[in-house]
């Protein structure tokens, strides 16, 4: 790939991918609303508000692929979500449409289905059950991606990320964890596959405790290699098991299901 | 019912329902961004922009039920859809949450699934395939309604309206038409049923040519009585059959699938 | 048919069927643990405890068909259910096996699945969710009937009766009601069909408000003619709508879901 | 329609349709390997062996629609089936491809699935289970029709005819019967619908006793009006109920399941 | 865990688990109708008939978890099954309800579905098809467990054990075998998972030849490690392949499907 | 096995299997319409046209098992396909019926379903969508095999071979490749299993990129060991990725979907 755009590159996951994806493209164009530090040799840094259509148009121009991690990634007041995840998503897809429709990996979230119970096993076509305004905005994003595929042929990999951290941090993440290695491998699959279409994919490692059936994405050839299970013993030393009646133990979305509606200050 | 709020009451369908629902509540509170004419004896008229949170809060206060027809109902520039269907929907649900959670009938649309082909037969759990920004905004609305049900217990009937007119106007409507009588009966079912939950319902009459399986809404006891078929002969006298290769004949969403992305003037 | 055995003939439904089924067989053999009154011309009366294997063996001898309404039909102490519905069921099937395997209509119950919610739509293969010991005993009976079919070829119609009364008595029965006429017609279908097999059938009229999909029993040719809906207006005059948070409005099994475990006196 | 071709027009069903379809096209072109009698005013008669590619090519030229009833319609030696139903089918589709791809209604058969049991309820996507060489040839025909649709856009209505006679003739036909009126109405739907695609349709009336779910063909708007049930009483006077252990009572294909492999004389 | 109750501890599997589960609880309370030998340091031995409600009540008191292996585990006269598996199961659940609802692992059986064919692949929600009275009693037990979960919140892991032995003993067990290690690991998962609910789980190792889909239990994190396949070569040296027409080769339940109804002596 | 017949033994795959299956039977009877070279010690060579019924009858006599690779294996004029794959298949099954019904492994093909898209994941019961006359002939063969099973008990393993070569040759084969080792192991499973029935099996290795769900064949105990993925890097050095809009990248059948109808010279 010549130029890969990473939005949200100043965020937690964005910083990790900034390192790991360097070998995958001649140039990484990195964007965030926050500061991005100093550019390395193969990097282009663009501070940009996704709600600014003109800025986003310029941002996308000249890119061959987009890893869209940008926007709000936790529960927040609706005004913030509206700008970052709804208007921002629209701006990004309009910009892509204007500039040759580079393939997009859209970081959606398990919080689109957070109100399913943890003892269920669902595939990507289970009706959405978002667990907060953040989850609702990701439902919006998924619908928008599908529209642009059906109407314009824009290809998107909709990746419902579980919990992408160095290691699993609590019992719920024994099911939802995706390792950085596995995410990197998924990104590689998405951009290398001859035809992508517009699949929805659970972004999760090969954990023993699993809630999500990824069969429908088998054509991509993505085989996650990591397993949260190997961290269980260590984790149980420091993290208490949640009470069976706690949302942490009941719902896939865990603590998000308890979040109130956040209001602007 | 004591007070039923109808949003979008100045729109085409809103005007019809204003007449027909008069007997169903002591007071009809009617709202629109456009002028609503003169109030009848049992009517309260409130001109109101759904994007105005404070106004919507006041609008909802004191209502026992809401028929939410408001917002944009055709393809439009995203800024309009954002205000009317996304921000407006959020404002409405926040207002309902603040004021006792009156039951809501949310007018969603077949354009949430407009890219399915006309020779398919789908039920309400088929993954969304919106056919425009309007359709995407209705996917947002459906997801928001589900969130408020799962998190707060707010009951909503999500009604994916086909084509609600006096009579079917083209060949596609032989499948999508819902008569005013049938819609009125559905509204009655929604507000009378002891437990509503948050079902999704195809808003369509008992047409011979059908694309949509309403089995999952059978608990409501809604039995549409009308059938577009009785208008076929008449319709064929004046309306040409669409070409088999036309989106009018191919996709459930019909002409919406051809709409471009509308831009602000 | 030459001789039709009706067990539980002194019960509410048994008495009705005693009248209605007279034309269907030369002789009705009627049995109950309670007194059966006086025999009519074509009747044989046999007072019999289903827990008494020898008595049941004699009861079944010479019969060409069995309508098994006997046993306990409401929540009761387990000792009673054990005798009437578990041991009694076993005794009946052993007797049938000994005496030529007359076809059996087994009155099972919606209480085998009473913990499904009223806004679901299920077919007969949905996993059981009994709502009391009575419901559990009917699950036992259904399993036993299937065993005798798979192992010995004994044909049974497993009929999960909803609410079989003169008219619907409360809001729940607008969904669960089966008219006497419809049940009579079903019995006719069961005994006339060339091959019965061992189907499970929802015993319910053609009510507008429906929770149960009877498609898999379509081969029987049973088309219920009645509809609880025609009693709605009348019913609403005297019966209050259940509160949405009441088990009466939430669960298919209605009040049974609230029953405690009954203990022997 | 200008010119409708009916193949197999000298057969039982062909003769009936010759009468009934006269009003549907300016010209009926009638074809059979057998003699066709005298031509009426709007008829063109063509004696033709479907195994003769050149003859079939000429036969199809100039037609706007094809009702393909031709070929062998019962169990027969394989050489006959090979010529009439396999080579003949190929010749017909090649001719259609050469001459503008007129829409085709292909008379397939319930004998493609004859080994399902009569107490099952299946839809058109159930895997085939043919009950004889005839049924196998119809599986071939269905596969060929799908190929020509996927590869060339040739539209076909694959109609799995049950038993199309004046009235039902035995107990099995209480489930499989299709009236002439209903078949005529189906033909009308197939040729009038703007987009046909390549659906598979159960060719069966609205019989109370039903084995086949036609939901997936709902888009056609075909609503059969007749019901074999109204002939039950009369039928039972003259036709004995089949024994429960007879293939007539067990399998959907009835007597065909018992047919041996026919050998050439 | 402080005190784990194992019922049926004198049985074949009970003896094995007595050894293996010693590390999992401070105290093992072991119970059987048969003699249990001498108590080890951390053991409490209670000889107890499950049909004795008072004794069972005392047995359960003070336990934090129950491994319910007790009752009859093969085909037997109904009186025995009634006492051990039906009345005994009821007594156990009533005792658990009285004493804080300790989590239960209920040893159900593949004989609940023994009449499925060996070339099918089913999940835990396939309708039951028991292969004997023993299997029917396990259907009862499963229904009772579900009732206590839905009504009282009692958590149970319903484990349909295949064949739990040292090694597979015949060809059928190449599909049904569960190793002791895998069962031990499953027990661990069941008692450690924060929320258990009331899942049904196939108790079977990761055998190459498999009939049962355990996807719905993936949330438990149980990954069986053993595979009957490694015993195939050895097994084939001493055990003859069953005839294709033998129930041993046809039905999942194997020889149980051939068992007669056992009668009391 | 005493005598295993391999048809099509002079073909590419036939030659490989001739080597590999030598240890599996005392005698290999090898047949082809083409020359077969010289017979080895345990070989019987029979040059034979499958369209010749008498010759095929003799060919099958005395065999205990049949690996049916014979017939046309690519798109060809219909006359060739008719002889080799349709008449030839019928002749083979009639011969098997006459000679003790030896178990058959029928080499069907992924071209029965070649018009599914590469981003789908289907199981063997997905409706057929052949991609050419060759694929249609394999649909015929599958239907015939099912008929002979249902009617006569003839067991067949229907193996839909993907791409069976030394190594994968293009990007599509990263999904469709089956190694020789894996095919050999499958053949072994098919002939050793006590009951085979008539399953349909995807003939494909354990490739990371997979389109086909083989769960329903799990009972056979076949666990493919190879994975096309290990050839990806090497393959990408010499084979260009197909364009996303090319049938090679879109349809499971790849280039076959583009083949025209071949005509006789």
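A, B, C, D, E and F are the chain letters, set down in written order, and residue numbers restart from 1 in every chain.
Note that in this section a contact is a pair of C-beta atoms (placed from the backbone, for glycine too) under 8 Å apart; a residue touches a chain by one contact, two chains touch by 3 or more.
Owing to the predicted nature of the structure, the values given are computational and were not obtained by experimental measurement.
> Looking at the contacts, which chains touch chain D and chain E alike?
Chains that touch both chain D and chain E, as defined above, are C, F.
> Going only between touching chains, how few steps reach chain F from chain A?
Tracing touching chains, the least step count from chain A to chain F comes to 1.
> How would you label the chain C and chain D contact, same or different, if same means the shared numbers make up over half of all numbers there?
The interface is built from different residue numbers on each side, given that under half of them are used by both copies.
> Identify which chain pair among C-E, A-F or D-F reproduces the interface of B-D, meaning that over half of its contact pairs, matched by residue number, are the same.
Going through C-E, A-F or D-F one by one, only A-F repeats the B-D interface.
> Distance between chain A and chain B based on Cα centroids, please, to the nearest Å.
31
> Need the CA-centroid distance for the pair chain B / chain C, whole Å please.
42
> Mind checking the centre-to-centre distance between chain B and chain E? Centres are C-alpha means, answer in whole Å.
52
> Identify all positions of chain C at which a residue touches two or more other chains, and write them in rising order.
In chain C, no residue touches two or more other chains.
> Can you list every touching chain pair?
The set of touching chain pairs is A-B, A-E, A-F, B-C, B-D, C-D, C-E, D-F, E-F.
> Along chain C, where are the residues that touch chain B in the complex?
Per the stated touch rule, the residues are 117-121, 171, 174-175, 207-211, 213, 229, 241-244, 246, 248-250.
> Using the touch definition up top, name the residues of chain F that touch chain D in the complex.
Counting only chain F, the residues touching chain D are 78, 82, 86-87, 90, 94, 97, 112, 115, 125, 127-133, 135-136, 139-140, 143-144, 146-147, 150-151, 257, 261.
> Considering the complex alone, what residue numbers of chain C touch chain D?
By the definition above, chain C touches chain D via 155, 192, 194-197, 199, 215-216, 218-223.
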